[in-house]
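Report on one structure; see the data block that follows.
Note that the chains take the letters A, B and C in the order they are written out, and that residue 1 is the start of every chain.
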């Protein structure tokens, strides 16, 4: 009955499917393949089963990297989400300043990752950089290349500077979609600023904030360029997060099997976290719907 | 001619349209009447070809168009929201379907000006839609539908966002605008009065089913079942459950109504009576009228008419009458009903037989 | 509840209004009496919502003062004015239950807990919401949501007025009837001061004891529903109220007669100082069809079930007449006007007819 229904659409989808297969599925399968084999030079492989997996999971080094990764991700989420919402709340809802604010907010998002790293690297240099000079000038012993705490501080400030805008823009989009009548009703009901936020703005922003948190989670969990450009994971291993460790294993030590297994575990962690978070948020969303 | 044959639409476990069969004639005006979520919009989307039906067939001029994309059909649709191209002038908005069709410039100009004249948009041709009033914006959308010369024009509550008086004007104009073509007009509305004002044919929709289709006034006067009667009543239909014993209907509180002559042969048992608010009167209007004592809940008075809300036991009725009649809540009144005006429904909600000739 | 006085209120949305046309509200002086049910009726853009928002404090008027019970509240905030408002689209707090929605305005004002509970329960019963009290507000139908919005106003026993901004727009016809009559009942029972903004004449006329008709930023008539129907002060009121609206015929006044084309129509009284061109206003309900009178051509008949609207052509002029459900249309109808339904307008304003001596 519906055979003529939009059959043409498939022709447009096919190239995309092919593209996805080449740049996502096939590489992924290759990694799966590596993760269960031992490789020697000259393309000689042995099947190893789950050996690499158990090795990775039991390694102190992996756990440490994962721990650093989790601390980093949750720290920036804890800063960027509330800060982003706060900035969005302060932005004007109409008038000429709207576009000015939006452009200012969008600026950091337009700068490539490695450039951000380079900018902050120079900006924070204790002897040359403005930030480093000022901090040292006012009495802090600040040197991100030597002190782990300073490296962390720089990394987090950098990420917050770079990505809070994304949360701001999403939260702002959620905010301006709230009809005026809600604010007027709240005024009439004598609601405090906090009550307006808690009962009108926050519920109406929930969907976009879910998206914002998901995006920021996934992206920060996979952060590589910034710590790499800043200190290459140092000082010591202090900023060696998962992706940096992975590259060290794969390209530094050329442990292809171990790196592959680690990649898969890494991938699954991101997948499971995102999935659980999304389902929990959306289940609440549907509650009371009928 | 547009034919729907056993059309159903299911989304997941929910049935949005349930086995609808309709035949709409060229040049006809057809009203889809039903409350929100009755399936009016879904049905229109199927007619337009925006959505495929889950089951059944859509035929246009004898040809099966069930799977045909909307672009290939000569269909125009106007929505409740005023949908125009915001960056185009009114002129360009009206011209847009003609430009897509690749007509030459002088022909487009002629068609646009003709439609603008008909919809009284000529002074606004150079304006942008958003600088116009709601009524003018909707006229622009209608003009665009008109120049498209579509064989099927679907209007989905097109006047719902307009002022009462503007609605009145545009509603009167609409059938005239499309009168000269052999276009099939389909008009969805939630308001019974609007259906009556438009005339033509009406299909009453309830929970995805078409309960009745026929000439508008016929459907209004002789609904085939209780659901149709309820859908097509504004103010709401008055109803009451009764027992038929011999030649009388026994209501609560010792009140009884004689069973009209043509229905005396019905089996004994439980029935539902339904009667329109304007058939309930404050004075005895015919010798057959029977008084029923009820309590006033509230009286709503317009400048020339009264809607008196009555409580008869636990049942709510509305009495409509011309003239101004003040009552206090709690007042006891006698409301008269001519049993020949009463619609009788069986336990399954089917109308027992058309009411007496009096209801013509 | 309070009496609301509007004194020389003017409002413009422009920063520096200069000409009269810059004002959305041109000049409003009016008093809403304590316990009255009022409707502000007019087409979109007539200033009725502007006026409502000035009363509620969502807008500050460009000029003029607003008094509640004699106290100047022009500069007070919405909260301080202590009013309730129901909007066009139902505003409910999605995350709260119905009960919590009603408790919200009281909690914000720091009312003691058991007092809140008592008042919320009372309001739930009043608005028939008790059955859904513990449900989340979000999943409810539009009419229930609108009741919640109303309940949030009613729950505060000390509100000065309840304002309605086209509250039935998104409600299905059947539920409209129910909500409307419930509002009317609440008003009769408790005597709240209520102001109801609408473009729908049926809603305005059935809800209000006094209807304020607005047109282009001005009040054109204030009256009871029957005054507006029988004696429209302005041709706009004649047109806007009634459906179809009032018939207007161009006539020449000659004493107690009005000349309409080749015909003379007897006026029920004389008009002082009026000679020459005027308009005769007759509602379709007062147009009689019979064997005598002006010859008319039938153009079209709309059968609306409980009545029929007959569109006629008389002397080249379109004229509407109303027939009852069982009334037949004469084969060659002639038109007369019931004397009590005749109004005379000069330059759109009604001129009183004095009973002939």
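Note that in this section contacts are C-beta pairs under 8 Å (C-beta built on N, C-alpha and C of every residue); 3 or more make two chains touch, one makes a residue touch a chain.
Note that the coordinates shown come from a computational prediction; the quantities given were computed from them, not determined experimentally.
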Highest C-beta pair count, chain pair: B-C
Far-end chain from chain B, centres as C-alpha averages: A
Where chain A and chain B are represented by their mean Cα positions, the distance between them in whole Å: 54
Centroid distance [mean C-alpha coordinates] between chain C and chain A, Å: 56
Euclidean distance of C-alpha centroids - chain B vs chain C, Å: 25
Per-residue multi-chain contacts in chain C, two or more chains: none
Multi-chain contact residues (two or more partners), chain A: none
Residues of chain C defined as touching chain A within the complex: 56-58, 77-79, 83-85, 87-89, 91, 93-96, 104-105, 108-109, 135-136, 138-139, 149, 152-153
Residues on chain A engaged by chain C in the complex (per definition of touch): 179, 181-182, 184-185, 187-192, 195, 199-200, 203-204, 287-290
Residues of chain C defined as touching chain B within the complex: 43-45, 142, 172-174, 177-178, 180-181, 184-185, 188-189, 199-202, 205-207, 224-230, 239-245, 283, 285, 302-306, 325
Chain C-facing residues of chain B, complex: 35-36, 133-134, 163-166, 168, 190-193, 196-197, 199, 217, 220-221, 230, 234-236, 276, 278, 297-298, 300-304, 307, 309, 318, 320, 322, 324, 329
